[in-house]
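Note that the chains are named A, B, C, D, E and F in the order they appear, and that numbering of residues resets to 1 at the start of each chain.
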Amino acid sequence: METLFIEFFQNTGFALCDYRNIIMIFIGIIFIYLGIAKHYEPLLLVPIGFGMLMGNIPVFQGLGLGIYEDNSVLHYLYFGVTQGIYPPLIFLGIGAMTDFSTLLARPVLMLLGAAAQTGIFITFLGALALGFAPNEAASIGIIGGADGPTAIFLTAKLAPKLIGPIAVAAYSYMALVPVIQPPIMKLLTTRKERLIKMEELRKVSKKEKIIFPIISFLLCCFLAPAALPLLGMLCFGNLLKEAVVTERLAIAARTSIIDSVTILLGMTVGASTQGNVFLTTESIRIFILGALSFGIATACGLLFAKIMNLFLKEKINPLLGAAGVSAVPDSARVVQVVGQQEDPTNFLLMHAMAPNISGVIGSAVAAGVLWSFMS
Amino acid sequence: MYGLQAILENNGWAISAVGITIVFTGLVLLSIFISQLHKFLDLWENKKEIKKIFKKEKTKSIKRISVLFTETHKDTAQKIYLIVQTMEKSFSLSKLLWLAKTRGLERPHSNLNNLLKAGIIMPDNKGYYIWNMDMFKKIIRT
Amino acid sequence: METLFIEFFQNTGFALCDYRNIIMIFIGIIFIYLGIAKHYEPLLLVPIGFGMLMGNIPVFQGLGLGIYEDNSVLHYLYFGVTQGIYPPLIFLGIGAMTDFSTLLARPVLMLLGAAAQTGIFITFLGALALGFAPNEAASIGIIGGADGPTAIFLTAKLAPKLIGPIAVAAYSYMALVPVIQPPIMKLLTTRKERLIKMEELRKVSKKEKIIFPIISFLLCCFLAPAALPLLGMLCFGNLLKEAVVTERLAIAARTSIIDSVTILLGMTVGASTQGNVFLTTESIRIFILGALSFGIATACGLLFAKIMNLFLKEKINPLLGAAGVSAVPDSARVVQVVGQQEDPTNFLLMHAMAPNISGVIGSAVAAGVLWSFMS
Amino acid sequence: MYGLQAILENNGWAISAVGITIVFTGLVLLSIFISQLHKFLDLWENKKEIKKIFKKEKTKSIKRISVLFTETHKDTAQKIYLIVQTMEKSFSLSKLLWLAKTRGLERPHSNLNNLLKAGIIMPDNKGYYIWNMDMFKKIIRT
Amino acid sequence: METLFIEFFQNTGFALCDYRNIIMIFIGIIFIYLGIAKHYEPLLLVPIGFGMLMGNIPVFQGLGLGIYEDNSVLHYLYFGVTQGIYPPLIFLGIGAMTDFSTLLARPVLMLLGAAAQTGIFITFLGALALGFAPNEAASIGIIGGADGPTAIFLTAKLAPKLIGPIAVAAYSYMALVPVIQPPIMKLLTTRKERLIKMEELRKVSKKEKIIFPIISFLLCCFLAPAALPLLGMLCFGNLLKEAVVTERLAIAARTSIIDSVTILLGMTVGASTQGNVFLTTESIRIFILGALSFGIATACGLLFAKIMNLFLKEKINPLLGAAGVSAVPDSARVVQVVGQQEDPTNFLLMHAMAPNISGVIGSAVAAGVLWSFMS
Amino acid sequence: MYGLQAILENNGWAISAVGITIVFTGLVLLSIFISQLHKFLDLWENKKEIKKIFKKEKTKSIKRISVLFTETHKDTAQKIYLIVQTMEKSFSLSKLLWLAKTRGLERPHSNLNNLLKAGIIMPDNKGYYIWNMDMFKKIIRT
């Protein structure tokens, strides 16, 4: 019986524990804390954080417990991540809950959503320069797209080994948008620019809203066919929403489907960060590049807005450019907050939704382009 | 391999340039399309509207007035309305008919028929019927 | 960089595009239009229509984008179609939302649901005569069953290659029931027959409703065991509904489960209609036979009702026979409408639900029989 | 192969005949069964009903009358009712007891007990309790 | 045509039928009856009962109808059982609907939940003595854990062939808790003991509730890593609930996810009881041992409570010990009922929830321990 | 193999003993931890509370009083409140501003600004704003 006790003890987490597991568990708890106490993207940080705990319980190999073991429950649930199935399903739900009205009312603001994607490609170049292979560099660059599902999808297709660090980096920075963006926004704009008010948006008709997902899907996917899974589902979800007659399907998409998938995606992405796999110098470089990518994307959006103002009769508030990174809807809210710091009667939120959402489309297209070039 | 050499070797500049160009092309095209869309739709709508004014409105109004309600009819309609109020918003015509019979209304079939023709009772397209209050007020409660 | 541009352009949809893709995209838009503007089965036509767009974006092979490529997202989601998993899940939901009361109150009307299935077998013979192989002929015949999930299930088991055209044909004709059936109904019935009124239905007790799904499942599946997956789930769903104590499971079945599966089934069935696979003379023949099948099924139902009237003391309105094809609940509504064209005070809807629902059971049994004979 | 030959070769006639026969057999059997089902159930129900009238009703009424409510009891019951009205529809007995104590009701335990025995407070089978208004009116407010 | 008729008839359930199928169908109907008419765990007994009907329709092999055939729909749905995926998902939902307050308010009552698990190990010994292999004996012992998902999970990992009988035994006895436990409770406690009242529970703060799932997960899984899938999901679900900011995920977990999985798990477990596989002397022995296991677990809980009273200043009502078996929340209700038979003003329900829920944690740990020892 | 021999052979006693020990260890540790948790949390809370009393409360009250409301301001605030009542609970500031302009309020920008600074209009953190009734009563309706 003694031998059994000893044998058992040797298989407990206390005996098997690696310092890296402890670090990751600690990070997981921080994620949970930020989600719950600070309300930073709780729907993502809490599942990822708890997933980190689950993935870093030290387990003996062979029983089928770890996420990287073939027959474990976590492995089955992780399948949707590695095969890129979850991200399109999440996009389906996002489509079914997003109102594209502001974008339809002021289409010129879409360009800001395009400009911010420059960050993706600049980071891609940086990652190449740091010695990453092209497929890895592309996956790192997409962090600047500020769109979790897109980042996971592209990484699953191009560099599956990096899913853990890239997903965690992407979601961390998305959660930290209220911390990262304001200084850059204030640095690159003058007070006078930040005070610019936007004119009221026109009312958009139902027909425009129905036609939009169809056209934008066809146009973008003819241009970049590899954006099909993400953009297709985004537009499909939006069509289900706007068609009204398919309301019950839209409800399913934006409740049970997206919520179930968010739980599974968050948890398994978190669990994929096993200490020994995750805590590498590579991950650290990814985190640094990711932060840069985010910053550059924000800067590109802001600067492009200023360039646009050189040509536009009716000036736009360059703060809106920062919303082009996506990170829906946090970066749009940051624009609102920063704008109101100068003038509390300036309401930029609705206008910021336009670059914000077009940033989602933009990064999906960028992901499609990178995917098709890399494989 | 590191630095600029790595970028060159992996065709980095070209990929980035092409990539960002495509993203812009896509969103620019889309934004142009959208900005024209509502003008186009307005035209289309107006075309229809104009047609409607000349055609459908006429036929519709004629169609409705074609049902003549005598005072007796109106009286029965009022009674039927009282029954309808006891039912759910979407009601079954057969149930209404049965209730009307039960309460001893005269010629319930023909009366219901009139209300249907006049558009006071309207199908809800789900197999049930609803009471068109506006029409009721316009025709009966005048 | 020029070469890259050219290379990229050669991989865009504009360069890869085939005229058949354009035709299919056009058809997809028509489907969406019919669903949204005309309210023809929008829950099916909109997903199928958008699926057609997704399946006909011209993509380069090898990247894993097309539904027929092994590792594509669409392929994974299509798995539920090819393995016949989605249709039983949809039947679970249908069972959980269907009230069998009218059928229990007037069981004799079930015979009309049986009669309409004759269309399946006549079309089967016609397809054989046109040179289709028996398994294909059976799959084509089932279009006359006017039941999408049943058609997809049987085709998945017998002739997986035809899933696209058969599913699209089945759903198209189901959507077009209000167009196809009325002329046949008027042709085959006299005005006097159409004026027949049905007596009020008796009230059905809770116990009858609970016992019904159990008995009908056991009886039909002992007779035709291959109807098990479809009928089993239909009756299971209905039991969950009628048992009341299992209400929360019934709710899941008739909301999140059926809606999620409808989205995935509709979209992937639509996406399976890639122009080069779909636009064949075979598909055209399937469409013609499908239309015939539908018409014959309607006629069989009507004529059988007239035959029944020769024997019944209390005559039934032969229009009810047309509801025997299934296409729940559209064909029952068509009966109501056509009946009211003669006499606005004639309410046939509730009575038409009986043959309508028994038509579902009938085609599931027919599918079981055909499946067991063909394999 | 085409035409009748193809049908014959593939056993088409037989399959169709057998197929449609089976569909009919299934639905005919089912329809016969259903048409008899409610008669059978009625018989069964009546059997039970008859038994019930003779047996359970008696015991039930006896059981309930066995709790005697003096005027003081009724008064307390009224007070407890006032407390219950401040609570949710399904309430916790322990909370009710505590509230009763707090408000200084006399012998709350025994009084609650009486209400339970009399069926005025009834378990909702989910661990909570509900107030049976009918029974309350019948026994207390007489 | 005659030959076809005969051939068909030979393939109907009537011809293929085995007396064991009839017995199982009869048992299935009893399950449904108990669920609907007697309200014994209807959410489990109705799906399992109907699944028994589905699994015992006599089918010809080779067509892909039976649950044990590779390509059947039932087989695909059964995959979640055999791979142990459904039980953790159910635990996710249970976590998201359970309030651990009482346990936090009176942690000492957790020991009762530990004590009742002794039944698992005693039954394990008994099963060994009766000649079962260790892996089978462990699966049989877990029936005493009174926790369906845990029993199915462990059996799927250790002795997949026994899933049917063990799951049915576990759920049967869980449903029969109101019948099995009261006599044992009365036998082992004195009237005086049953009259003991418990003091009011203190109010538990939100922070405690949020920290609890994290700590209990880490602590138990460091101790018994193999409890990871079950405990991880239970605690994850509970965290989603208590975090409030993740409410929409908790709703998904405790509605669409748990309900969908319950339908599929119940039905396929029921369908796995094909007469020829299920009706063996082994199954009968499992049922007998299962009943014993349940009884012993109840007794252990009761007796341990009496032992605790020797040391505690403030005595606890030993009836609470019976709730330690889990069978949430039925056995807690039984405690309430038995307690009120002695004193209608004694409210034990809330207190009984503490051992009840800790019994769930206890059996998950026990399952983890057994799993790691057996493989 | 049966009986005690089977148990011995399969290491049954040891497995059971170890097993039940671990279950107990787990739950005992957990129960100890929980029983200490709320004490620890209380300490932590109190620490914060004490700090708060000395620091934040002051700054907060100062910050709020810094907005001075003249009678005219208060009057406008009352009018704005009437507008807010016609809107949803969470309202858009830009819409409120527009409504205020439409109804001819004087200097709506500056007035709204004051209400924001005074905390009478508060962001709901979802991009919309809510009306803080308590603050409104405290500052305006005094």
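Just so it is clear, a contact is a pair of C-beta atoms (placed from the backbone, for glycine too) under 8 Å apart; a residue touches a chain by one contact, two chains touch by 3 or more.
Note that this is a predicted model, so its numbers are computed, not measured.
For the pair chain C and chain E, chains touching both partners: A, D. Among the remaining chains, those touching chain A as well as chain D are C, E. Across the assembly, the mean Cα position most removed from that of chain D is the one of A. A count of C-beta contacts for the chain pairs B-C and C-D puts C-D on top. Remark: chain B and chain E have CA centroids separated by 51 Å (rounded to whole angstrom). Centroids built from CA atoms put chain C at 39 Å from chain A. Averaging Cα coordinates per chain places chain D and chain E 26 Å apart. Among all residues of chain E, those that touch two or more other chains are 4, 8, 39, 223-224, 255-256, 369, 373.
Contacts with at least two other chains are made by residues 11, 13, 15, 18, 22 of chain B. The complete set of chain-chain contacts reads A-B, A-C, A-E, A-F, B-C, C-D, C-E, D-E, E-F. Interface residues of chain B facing chain C in the complex, by the touch rule stated above, are 11, 13-15, 17-18, 21-22, 92-94, 97-98, 109, 112-113, 116-117, 125, 127. By the touch criterion stated above, chain B contacts chain A in their complex at residues 1-4, 6-7, 10-13, 15-16, 18-20, 22-35, 37-38, 41. By the touch criterion given at the top, residues 103-104, 107-108, 110-111, 113-115, 117-118, 120-122, 124-125, 128-131, 134, 137, 204-205, 207-208, 211-212, 215-216, 219-220, 223-224, 358, 361-362, 365-366, 369-370, 373 of chain E touch chain F in their complex.
Against chain B, in their complex, chain C makes its touches with residues 1, 4-5, 8, 39, 200, 329, 332-333, 336, 344-345, 347, 349-350. Contacts from chain E toward chain C in the complex involve residues 4, 8, 11-14, 16-17, 25, 29, 32, 35-36, 39, 42-43, 46-47, 50, 53-54, 57-60, 62-65, 71-74, 76-77, 255-256, 259-260, 262-263, 267.
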